[in-house]
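Just below sit the structures, each encoded as structure tokens.
Here chain A shows up in two complexes: once beside chain B, once beside chain C.
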Partner chain A sequence: MVNYHFGRGRARLAPYLLLLPGFLFYLVISLGPSIATAAYSFTDATGIKGAPVHFVGLENYREFLFMGQASRDNYDALLRTLIFCFFVTTIQFTLGLVMALIVNQKLKGVNFFRTIYFMPVILGAVIQGLIWSLFLYPMGGPMAQLIGLFGLESEFLGGQPAQAFAWVMFVQIWANMGITMMIFIAGLQTIPTELYEAARIDGASSWSVFRNVTWPLLTPVTNTNLLLNLIGSLQAWQLFLVLLGYRNGTQVLGYLIFAQGFGQTSGSVTSSFRQGYAAAASIVLFLLVLVIGLTAQTLLKRREERIIG
Partner chain B sequence: MSTAAATRPATKKASATRRIDWTKVASYLVLIVFAIIYLGPLLMLLNTALKTLPEFMKNATALPTTLRFENFADAWTKANFPRYLTNTMIYTASATIIYLITAVFVAFPIARGYVRGAGAILTLYVIALFLPVALIPQFQLMLGLGLYNSPVGYVMLFLINPIGVVILVNYVKTLPRELDEAAALDGCGYLRFVTTIVIPLIRPAIATVAVLHAIGIWNELILPTIYLTNKDFYPITRGMIVFQGVYGSNWPTLAAAVLIMTLPMVIIFLVLQRQIVSGLTSGAVKG
Partner chain C sequence: MSKKLLTLISALVLLVMVLAACGGSAPAPVAPAASSGEAATTAPAAAPAGEKATLKVLVHQNPPMVEFMNTFNEKFQSKYPNITVDMSVVNANDLSTVTQTRLTANDVDVVDIFGFANAAQPYMKNVTPPNWQTLIDAGLLMDLTDQPFVKNYDEATIKDAGTYNDKVYAINLGRVSYSGIYYNQDLFDKYGVKVPTTWAELVAACETFRSNDVSCMTAGGKDGWPIFVGAYGLTGALYPDQAALVEGLWTGATKWNDDQALKMWEKMKVYTQDMMESGASGIAGDAAPGRFASGEVAMFPGGTWYAAAIDAAQPAFKWGYIPFPGSDNADDNKYLFGKYDQGWAVAANTPNKDAAMKYLAEFSDPANYQAFANAVGFIPTQPGATLDTAIGKAVAPFLANFRVGFEQYWVAPKGAGQYANPWASYFKPFGTFDDPKELADKVQADLQSGLDANK
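Presenting the complex of A and B:
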């Protein structure tokens, strides 16, 4: 226990009392419900107020994983979540790194470019989505016209599920690349310039400077970025809502949870709110995040120890 | 890289100057291509908002023949902007202020170890990123409390931001401990110390967290979709989605509406860029 200076006896309680409101809010509204998701996944809870809630054991999981067409759709959604995660993480990570390296040079106007690449991050899914659904409007929209110059045609977001899905990935990366870039820039700026100068004097090529100086010293931010991208993309689904709606062949787990738990478009409370089932799906997603997150962290730690020692 | 390899046989000086030039050219090329990808859609939005619908249908990318600002006036009233914007501002301001006050009183004693189990409490905030989404039990709780479809209940959902607490804790740790001791010797109480001395000193961190939190509330779409059914309570995000449903094919009006919604964010971003970036990247460097 640290020395407390502000009195004894009853005055000692002040920090506790003042901490309580914030901490209680957190426990009751966020942390508690988050953990209670596991308990709800064993029930048949609906969204109806006062409706009885029964314990159904593993029924929701059985249905989610092993029952007919619905479970096959769930596996598809699971697979799509992994595909989304893989492509978004790889591309966003690589682009973020490349752009950070470019923008971190002493070039005129780099601040301007940095600013515009980062801007979408703060616009939020609604604006991001609406901007692109206008830009990708298939019937004579700007992009359609542009590729029309090359004699191409596309239905973009309205096209085949796989195509629409790919465009959502594109918008997701467009929207969030800036934050990956900014974290890399923060990391690049911790690398002492003397190291670069020393390497230059030794006549090292740009590639070998990157390979032997920049890349190893970026390890901490590399780890942060990879973990944030992995977890973020596994949980992301808001752009699907804005760009596509709940369309067959494009759903990811996060959207599936929302649609099952709150009805596809939401609005009034109806019996179609399968909240117990949605809670089970949440736990499946959570386990996915946990397994991928922990595996990544272990591998990254091992790599960090190898490099930095 | 390839340029570096290609020029290596040349004399050292020549290769150095040429290599730098090519790197520069390539860099600017990439920067400009990406600038087009990033700004293009926004400029096209502006372009569309200034057109009539027939003009847009005829040629989406052409510049408007006459500047039509009617779309903005149209969108302003049709999308019910005054109402939704007011709602969003009330939600954002009240939740951010209440959150920050409570968060400072959570972060300060944790950072100083003035409460038992400070480390454990901090861990509870750090693990939030990994935990399952709280949506369903949270909904059951709000429903049970009669806070469904209620602005008060809606604001309550935003009195939480674990990352904000972590940022504040890290910042408080940079304040010298002697400060507490000296203030206490002068007879300053705990509450007065935190409000009159700590809060002004951690203002940069408070600003960062405030901006982050406010942006999150401003942009929130899922929670209003779940919790608010009364149109009078809609924030701007939900209002926009409803507006898109009705006016989805009238691109000029929709574009004007999106711009009206985007503008405040862009201004806030340009003014507070430093806080936003430091908030979003804080902790990343320390690993």
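Presenting the complex of A and C:
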């Protein structure tokens, strides 16, 4: 006989009733807008209350994917998104792991360094952007003075698009490395110390201990971190807005969606709000995240099963 | 017992959440509608007793204007003690987004709206209407046609910068030029440089300054647009009729890579690479006047709206303002290009219509408007107002040649690439191009791609 905690009769409804508020919240805050975005992507919606909304079929998708040079620019933004994702995920993951290994040691003042490394995470994109805008101020800012010692000068965020793009990558990594590190620390602290002691007794070197004990047992948090880094970097847009604004050669898909939806694409004048078109671009980004996320998840799950069983 | 209690609690929690989600705020009190003829060409003198109202006003960040508005609001509240003005200030880049959001949420009464521009012309195919037009079509802006204060503004302004479908939806507060250059009189005197009236003289002036380790030009490059807007004078010098230029680009009669345009690109390269100071890309738009007023830079290509900020940064600083000498023919360099700047519009659904009309009537009072024009430096749009400031005197000789600029006419065809604009910022160090011919071909190709896609 099944031991059912909530009793019989109407009492069996209790768990469903308890789940319902959360589900309704998810429906209203997350699932609802996602479905609405998919629906909007087939319209010419502007997001302005009262403005007529017309069904335009696949026109927004045709424009985004196939219409003129603008569509080729969109593919460039797509490629840039993938480049951003690759470098940010790789570097942030590696740095997060290295920092976690360092601050997981029993060293003096280690909590102070954990706090320092984690602090950028809590600042928010606007503050992060402001800090780095000031730090990279090309006329006498700290970084300008530093490279000035070597007779160099740079426009930093306002210079060549590739250079500006690289700086946004750097700030993105700086801003989020702390959370990667904390997840790794949590994982490291679940590894039994007996395993390390046994390995040491067997004469294993530090590298062997890492390779054969730490790394395999970190698999669950490794997977979590990789997926979080992948999805977070594919969806990034706030730092592009705060640090660069709408500049040719720097947009990623996330920022392109914002700029199209809120009329930020025409330089000093406001362009039209094209939220139907932006919704179509959102769906394209969603599909990209879905494909990459699912592929990564499948591969990582297989790896986890192989290592941990 | 405990299971029943748990069931009851969970049901109650659900009920409370559903009720909380469905509950709305109490309806806002509706102020009485303005009676006919209440507003006048001069502001009402008395403070009528009436229902208390909080008037929500939205303006964009422009330090001298915000300072004036704070003073004006205090005066207005003294005159109408039952009205409290709640003014929000947002960055100019965010004005449109915030306006839309707050209008949609019925959370604003009076909004700052730039002069109506970028309307779709008959020769433009398959373009999205400008934002202001969508706001009006959606019924979010109030029809001000019959308000007496509208008559305080000159007819051409009301027609060009506030009328749509024969109804007035905004009063525009001033024109600005964005195609001029501020110059530092002391530096010009010190190095014996003549104020340039031709492109060759401008190039020579910059060479003189550079050879004396003085930066030639600065701009608020961090905001992006000040770099290319600063060079719109170059476009204007070569294409004085900017409406015709836009039509020519759409119809194919004008191309961004023909001989005429190539001259413009060659000069833009000189402007970005030889004239603009190193590091200008890091200067914020509202910090650029201060940089110029520091006296370390000889020139500052920028709009007339910067004059007050320059004076505020260094009151004793001596400057002049000239049209950008983009042509080698001095007669071509006597035009000022610009736009209709800030205006006022009212939310159609405002519960504070009476207070909003009083606010606009008070603002439009000739004495108050004159004070505003003096503070902000706009070229006035009230016939009786004058611009009794240094910038007013500087632009006075060119006002007969004032023209609405390219950017106010241009609407890009859908499908056009990201380089389909006459922007100097495409050149290094701000962009990636170094060769004017290569850039000219790219700009035309990006434009042509959009034109072809809409055939």
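In this section, the second predicted complex is superposed on the first by the 274 of 309 C-alpha atoms of A that agree within 3 Å, B and C clash if a C-alpha of one lies under 4 Å from a C-alpha of the other, contacts with A are read in each partner's own complex, and residues count from 1 in each chain.
Note that a residue touches a chain if its C-beta (ideal position, glycine included) is under 8 Å from a C-beta of that chain, and two chains touch if they have at least 3 such contacts.
Being a predicted model, the structure only gives us computed values, none of them experimental.
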First (chain B), second (chain C), both or neither touched by A:Leu299: neither
Chain B versus chain C as contact partner of A:Arg247, first or second or both or neither: second
A:Glu153 touches, of chain B and chain C: first, second, both or neither? second
Touched partner set for A:Ala198, first chain B, second chain C, both or neither: neither
First (chain B), second (chain C), both or neither touched by A:Pro138: second
Which superposed partner A:Val291 touches (first chain B, second chain C, both, neither): neither
Contacts of A:Leu79 with chain B and chain C, given as first, second, both or neither: neither
Which superposed partner A:Pro21 touches (first chain B, second chain C, both, neither): both
Touch count on chain A, higher of chain B and chain C: B
Which of chain B and chain C A:Ala70 touches, first, second, both or neither: second
Chain B and chain C contact sites that coincide on chain A, given as residue numbers: 5-7, 11, 14, 18, 21, 28, 47, 49, 137, 141, 144, 262, 266-269
Interface residues, chain A side, partner chain C - complex: 5-7, 10-11, 13-14, 17-18, 20-21, 24, 28, 44, 46-52, 63, 67-73, 133, 136-139, 141, 144, 153, 155-161, 245-249, 262-264, 266-274
Residue numbers on chain A that touch chain B, as the complex places them: 1-7, 11, 14-16, 18-19, 21-23, 25-26, 28-40, 45, 47, 49, 98-99, 102-103, 105, 107, 109-110, 113, 115-127, 130-132, 134-135, 137, 140-142, 144-146, 174, 179, 182-183, 185-187, 190, 203, 205-207, 220-221, 223-225, 231, 235, 238, 241-242, 254, 257-258, 261-262, 266-269, 275, 278-279, 282-283, 285-286, 289-290, 293
Touching residues on chain B, where the partner in the complex is chain A: 1, 4-5, 8, 12, 19, 23-24, 27-28, 30-31, 34-35, 37-42, 44-45, 48, 57, 59-61, 99, 102-103, 105-106, 108-110, 112-116, 121, 124-125, 128-141, 143-144, 148, 156-157, 159-160, 162, 165, 180-181, 183-185, 188-191, 193-194, 215, 218-222, 225-226, 229, 237, 240-241, 244, 251, 254-255, 258, 261-262, 265-266, 268-270, 273, 276-277, 280-281, 283-287
Interface residues, chain C side, partner chain A - complex: 3-4, 6-7, 10-11, 13-14, 17-18, 21, 93, 95-97, 100, 103-104, 114, 117-118, 128-131, 134-135, 137-140, 221-225, 228-229, 278-283, 407-408, 412-421, 423, 426, 428-432, 445-446, 449-450, 452-453
